[in-house]
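Chain lettering (A, B, C, D, E and F) follows the sequence in which the chains are written, and residue indices restart at 1 in each chain.
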Amino acid sequence: MFLIRAKDLRTTTQGNLYIHAVLVDRSGQMVARAWQATEEMFHAMPEGGFLRFKGRVENYKGNLQFIVDGISPAEAGTFDIGDFLPKAPGDSDARLQRVREILSGLTDANLAALAEVFLTDEVLMSGFRRAPAAAALHHAYIGGLLEHTLSLLEVALKVIPLYPRLNLDLILVGLFLHDIGKAKELTYETAIGYSDQGQLIGHIALATMMIEEKTKEVAAKTGKPFPDRLRWALQHIVLSHHGQYAFGSPKLPALPEAMAIHYLDNLDAKLNMFFTAVDDDRDPHAHWTEYVRAIETKVFKLDPTTDEPI
Amino acid sequence: MFLIRAKDLRTTTQGNLYIHAVLVDRSGQMVARAWQATEEMFHAMPEGGFLRFKGRVENYKGNLQFIVDGISPAEAGTFDIGDFLPKAPGDSDARLQRVREILSGLTDANLAALAEVFLTDEVLMSGFRRAPAAAALHHAYIGGLLEHTLSLLEVALKVIPLYPRLNLDLILVGLFLHDIGKAKELTYETAIGYSDQGQLIGHIALATMMIEEKTKEVAAKTGKPFPDRLRWALQHIVLSHHGQYAFGSPKLPALPEAMAIHYLDNLDAKLNMFFTAVDDDRDPHAHWTEYVRAIETKVFKLDPTTDEPI
Amino acid sequence: MFLIRAKDLRTTTQGNLYIHAVLVDRSGQMVARAWQATEEMFHAMPEGGFLRFKGRVENYKGNLQFIVDGISPAEAGTFDIGDFLPKAPGDSDARLQRVREILSGLTDANLAALAEVFLTDEVLMSGFRRAPAAAALHHAYIGGLLEHTLSLLEVALKVIPLYPRLNLDLILVGLFLHDIGKAKELTYETAIGYSDQGQLIGHIALATMMIEEKTKEVAAKTGKPFPDRLRWALQHIVLSHHGQYAFGSPKLPALPEAMAIHYLDNLDAKLNMFFTAVDDDRDPHAHWTEYVRAIETKVFKLDPTTDEPI
Amino acid sequence: MFLIRAKDLRTTTQGNLYIHAVLVDRSGQMVARAWQATEEMFHAMPEGGFLRFKGRVENYKGNLQFIVDGISPAEAGTFDIGDFLPKAPGDSDARLQRVREILSGLTDANLAALAEVFLTDEVLMSGFRRAPAAAALHHAYIGGLLEHTLSLLEVALKVIPLYPRLNLDLILVGLFLHDIGKAKELTYETAIGYSDQGQLIGHIALATMMIEEKTKEVAAKTGKPFPDRLRWALQHIVLSHHGQYAFGSPKLPALPEAMAIHYLDNLDAKLNMFFTAVDDDRDPHAHWTEYVRAIETKVFKLDPTTDEPI
Amino acid sequence: MFLIRAKDLRTTTQGNLYIHAVLVDRSGQMVARAWQATEEMFHAMPEGGFLRFKGRVENYKGNLQFIVDGISPAEAGTFDIGDFLPKAPGDSDARLQRVREILSGLTDANLAALAEVFLTDEVLMSGFRRAPAAAALHHAYIGGLLEHTLSLLEVALKVIPLYPRLNLDLILVGLFLHDIGKAKELTYETAIGYSDQGQLIGHIALATMMIEEKTKEVAAKTGKPFPDRLRWALQHIVLSHHGQYAFGSPKLPALPEAMAIHYLDNLDAKLNMFFTAVDDDRDPHAHWTEYVRAIETKVFKLDPTTDEPI
Amino acid sequence: MFLIRAKDLRTTTQGNLYIHAVLVDRSGQMVARAWQATEEMFHAMPEGGFLRFKGRVENYKGNLQFIVDGISPAEAGTFDIGDFLPKAPGDSDARLQRVREILSGLTDANLAALAEVFLTDEVLMSGFRRAPAAAALHHAYIGGLLEHTLSLLEVALKVIPLYPRLNLDLILVGLFLHDIGKAKELTYETAIGYSDQGQLIGHIALATMMIEEKTKEVAAKTGKPFPDRLRWALQHIVLSHHGQYAFGSPKLPALPEAMAIHYLDNLDAKLNMFFTAVDDDRDPHAHWTEYVRAIETKVFKLDPTTDEPI
């Protein structure tokens, strides 16, 4: 069973109709052709919807291509839409549990209260658990945002104590929240993309506003104002975490904690790009991957510690 | 009477003490020297505070310099602090009244309600009326934000009807709000500069959050939700109005109304820079002003329609 | 009847010849295929020339495709070549008349005389009336230069009086001439593109030289020299109107009038790009257009004042 | 005798008046102080004019400073204004003669006729002979334009024959004219700077217009039109010779001859900067010059072929 | 006989197998199709290996396409692999001889000894003789590095004596070595590309290390140390010869000799790009070549000295 | 006792001589004036040498200034030149010991052997122990290179195990060597600056060559070749560790280990800049430091976790 991402009714040079479609399941997407097609069959295929397909896979120019022999309806309730999008490896529930555990160790009362308000927002946490970390560049799969965030929290727990002038609590909450706007910026129900709100406003402004709102909730709960400077610092961390104007940060890091978050975030995201480039490369004989635009280079695939051939 | 912006106790090459100070009133600032100074006299001068000065003005390297003969206290209540900062020409009250008048003509009910909520926020409007439009580049004087905003509203009323596909109401409210975060980003009580909040967060994020908050107030008042898409559009206008990532916009204009606001805003700001450069130029014989960094050029001061000498 | 922009003799996988051609009329261009082709038929189709075609239109991958059943000659004099290029909406004669009317209101005698010399150059005005405003980016159709220029003149008549320190006459003539070099830079007889002169020299240098030449004509007619400074100012406006070195302006605006022209020009050009992007978008269900390179973003197509679905 | 570039009446800390002035002669400029000054003496010193000065030179912070003991008028006719500006080494008349000689060897009739028209324009050649090649960066002295141009012609005579596909005549005339607009762009009578026309239009557009005008003169003299393509090629060479938009070229080199001229021009100009940086460096013990902004580096002053100490 | 660069087993819309391959010989590459293919035939074609092909050439979309009728093995020893890569015009042996001759004229003893050590390294010289000067941009063919290097040496012999302050010997050896790292950076046995070492380290660092090593050999041979400063100067020339950080130079030219080498290198490389663009252009009627990315423009193909049509 | 970095003989406006000098000891530098100076006294002060000074400190414009009352010779052997340069806090010997300890844990035999060869090069290690990490930007003090390197090793030991696909040994040796060229690039005997070799070649090329040389030593010791790929990987790490061409890296990171080193290096260097900016800031009342050019912002000095005033 596949999600039909695009379909097209075409004519062969002999004038016969055939359907060219793009089918998706969790393992990726594939071009499909149904050679003896009719207009009825074409209209029976819902774009953005699901069908069961029968057929066989052929190799076309190094890519697999599915030759459709028959279709049948996909009854609601018999499938899980999540199967049609790529997913982060591992267990998202365990990851979210570990995030809660790490944040339960915060010693700053205000930051602890703020984390609590975020963690108990069920709707937001449900999105945080499922959202990808990006539409395309890195961790671009269901659960990627959580995977990326937890990875950063673990790194911070190890590294930050080596810089005792940095405030670990501020960094942990800053990392937890730095990309949380992506839960609203991106769509990840039937495809990974941008929501209208996300495209118009962006996750940086969205997270800044969430912090504004949640600190008011904290104040309402505790009965005393959330410190202005702490709220501004968290918002500054979010607003500056891309590190450069050219990458959409309207502010440059002016707190050491903001600078640290910028570099740790980049480290984790870029390493994910490297590993993904290697894993996705299809040529087992090549020493280098294809050119990866976001890192402006190809990646070297050989083990550098030996001179063994590939 | 002057505000003392900076002071310094120095020794002449003969070993005599003198005070070097920077005095400010609305007309600008001036270096002052008190030649026969004592430490007591030095400590009697409050940095960031006010004193009455007696003395005479001398010309030093083309700049005026004030030679202090005596000082006496400035009794509270006998002066208006506003006299010590540069002010926009003209009448701010009349300008604010004209803004209200223009916005009272809005036909879109949601935008009209939103404008109303902003205009009835007394604290915010008090800041909006006094804030400069920038710390240094253009309209950098008390009342500059209001002067700049009203100028843009008047321009829009004239131009936008020539582009009937543009939504005039959206543009008017967008212009009204595009820089309103400056009321919080800047300080303009005893000097023009940045607040901590402003430096950490910036007027773009501040205005985005104000719109979030005020649309909730509208919904609370009217009992029906403020349209999401309209809120996003206004926030998008604010977030994109600098037009380029390099100038601190985390989003690029994706609505024609946002693009129009970007260009009208620039037109008004840049013209103010040109006129200010000409007005501030001190050499009546020069054909060109000094180099103006923000426009990357000198400005030609001669009347281009004649060949008359200067 | 169509203009044949490109043609190609191809073989099907069965070894049969067919012709693949690109046909153009004013409504746009279309791929055509003639399945049972011969070499004779192929040579009978003049690339860059005209033929009458018989056949039917099919939908291929969302694009229309014309299946040719027969061809017959297009007799000279039976068609208007202008029908094969896209045209500005509306009436170019009326537009040119309106330009003349606006320029007849100039009060500066030198500028009025210069405008007159340009307006009475029949050859130039014929090109000015037909030229596009660009080869691709905005107003890229027959009459686009005139449409863009008139739009700017109307805008200036409304806006500039709000800035009384600006010289309206200088701006009107500057706008009239800012892109007039495009009448020579571009070709727009059988296709829209660049002339050799245009590609080597560019419209900015071309217009600068036209002003040099026409001011000499004014001096010859009036018997007194055209003021140097005014000629320089107009040439400076032309040379600086792209606003940045990176966009091919060898000078940056150093007159407030030059700066105003730069921003108004951009406003009008960019709005045309937005509206064209929306109008040309082929997916009625999409909330966003395709990415538009010149404005570095997609354009949001929904009405921002409502939450109505598309 | 010196030119007085700037003057200032100042007060010592004892209240005595003194004059601080900048005096210029061909060897450079020097700060001067007249300790026992009066207002009459101050007004007797004409800014931009000439006086004879008596006094002595002191060393002040490594710079020479002239202590004025007396002044007396400089009678017109007793001095040559050219003595007060830096001059190219060597004989400008001989250089101009050599330029004429090289251009007399042109074999292309049209280019030879064009060169002739330029060479017989007495006013222009007088400027060409005296103009500097730049206001500040390289060959920034009287006769610098001619020195730079001749150097390039000599280089071209040697190099271009190694690239037989290049048209030597086109390159020779292109080099002769590439910077000729500087004769009008710059001022070099009492100081080296920019003319109003030069600052508004620039030498690139000026030279483009000169070529337009002079080719018309050729056509008038010869009675047959100057080839369009050749005129465009020369104008293209001028318009593209800075090689990048960012350096004020509105066109990029699209002819191999234009590209060659761009690189030869840069080679000659940059070498002049290197040699000037070394010659002007005042510290005989330093291995490196000061940072030179136009080449973004310090220059190494030691002989690289030895390990001898400085 | 051809080298098989890529191959692909595809199915026609009728379900028949065919092979799509890219075949290469020295004249360039060509798409080939074998319509009645079998899996055996497909596996018999070695990717990166050689076969003899029988068939006919067809014109497909303006490109030649080879229709395969039969294949037969290519016996080892019956062909020269060098025939399958593009080669520099002319005689590489004569070129290398001329390089030796020029370098035999060095007068600086240290530089002469260093050149000798390089020229007698047989392995290196064999690579230097065969290597291309680039993987794609200019002189991208067997023998291109030598052709480019010799061209530069000849240019330097002519030009540098016009700048007597430049050290000709240093420039000659600098030019000889500036790109010698390409002999290791590139691969040029069965295809032109990058070696792993080249891609990881780059020819600039490689040549820097070769100079380090070879100067040690000189010292070992002569028994006295090679002058440090001279070694540094040569390494500086290599490290800075791209002229800008953005082009991979970690140092900017700080010696006039380094600057001269940078410009001469660019001149020669860019002229090769221009001539190649013109020679490779396939449309005899076009006035302009296709856009050439490395020079950011199309190239004008017409003779600029006439108005003759093409 | 102070090092005399610069000296100057000046005249007061009364014509009296005085000496203006810049004196340095480890705590920083200070302007000194000796009011009743003679030429003999001036020549007795060795620039770049040492003297004992008697006098008193005055506050001049917020900076301390030393008024010299007398000078006496500084006998050799009575002082340690190291006292006159800023030093890293803490114990360099203990740091170097810790580096040895960490590198003794390497498990890859080749990397362990290479580290050993570096660590036993006494001359190099002596420089490594004393060198600053930069001339100005970060860790710009004696011992800074070692402090920075050790800090990175400690960070890597904590972080890298969280990314098990990264090769920890490769990263540890890469970090150890990434800046080791600075031991030769910089001078740090009497002042911190660049050596001639350093300025001409740079630490990146220097370290690349050291690795080339030391791997040969390893091969000589072990009798088997050091793996090419491992040598290239280490050189690639050095060549790419600045991460961008614009920052002098001729290669971009193409190994995940190289990318990780780039970010960890930046993190440590930038945090040092933040802390230094705060520590060096002289205004205890300011909320922000001065603008720091390398991070393009001011640094916020207040504790963000509270709203306490400063």
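FYI, a contact is a pair of C-beta atoms (placed from the backbone, for glycine too) under 8 Å apart; a residue touches a chain by one contact, two chains touch by 3 or more.
These numbers were taken from a predicted model, which means no experiment stands behind them.
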{"item": "Chains in simultaneous contact with chain B and chain F", "value": "A, D"}
{"item": "Contact-pair overlap exceeding half with A-E, pair selected from D-E, B-C or B-F", "value": "B-F"}
{"item": "Copies chain A and chain F touch via same or different residues, half shared test", "value": "same"}
{"item": "Comparison of B-D and E-F by number of C-beta pairs in contact, larger one", "value": "E-F"}
{"item": "Chain centre separation in whole Å, for chain E relative to chain C (CA means)", "value": "43"}
{"item": "Chain A and chain B, separation of their C-alpha mean positions in angstrom", "value": "41"}
{"item": "Shared interface positions of chain F, touching two or more other chains", "value": "13, 196, 199-200, 228-229, 232-233, 236, 254, 288, 298, 300, 302"}
{"item": "Interchain contacts, given as pairs of chains that touch", "value": "A-B, A-C, A-E, A-F, B-C, B-D, B-F, C-D, C-E, D-E, D-F, E-F"}
{"item": "Complex contact set, residues of chain B against chain F", "value": "8-11, 13-14, 196, 199-200"}
{"item": "Residue ranges of chain D in contact with chain C within the complex", "value": "196-197, 199-202, 204-205, 208-209, 212-213, 228-229, 232-233, 235-236, 239, 245-251, 254"}
{"item": "Residues on chain F engaged by chain B in the complex (per definition of touch)", "value": "12-14, 16, 18, 35, 58-62, 287-288, 298, 300, 302"}
{"item": "Residues of chain D touching chain E in the complex", "value": "108, 110-111, 151, 154-155, 158-159, 162-163, 165-167, 169-170, 227-230, 232-233, 236, 252-257, 259-260, 263-264, 266-267, 270-271, 274-275, 288, 295-300, 302-307"}
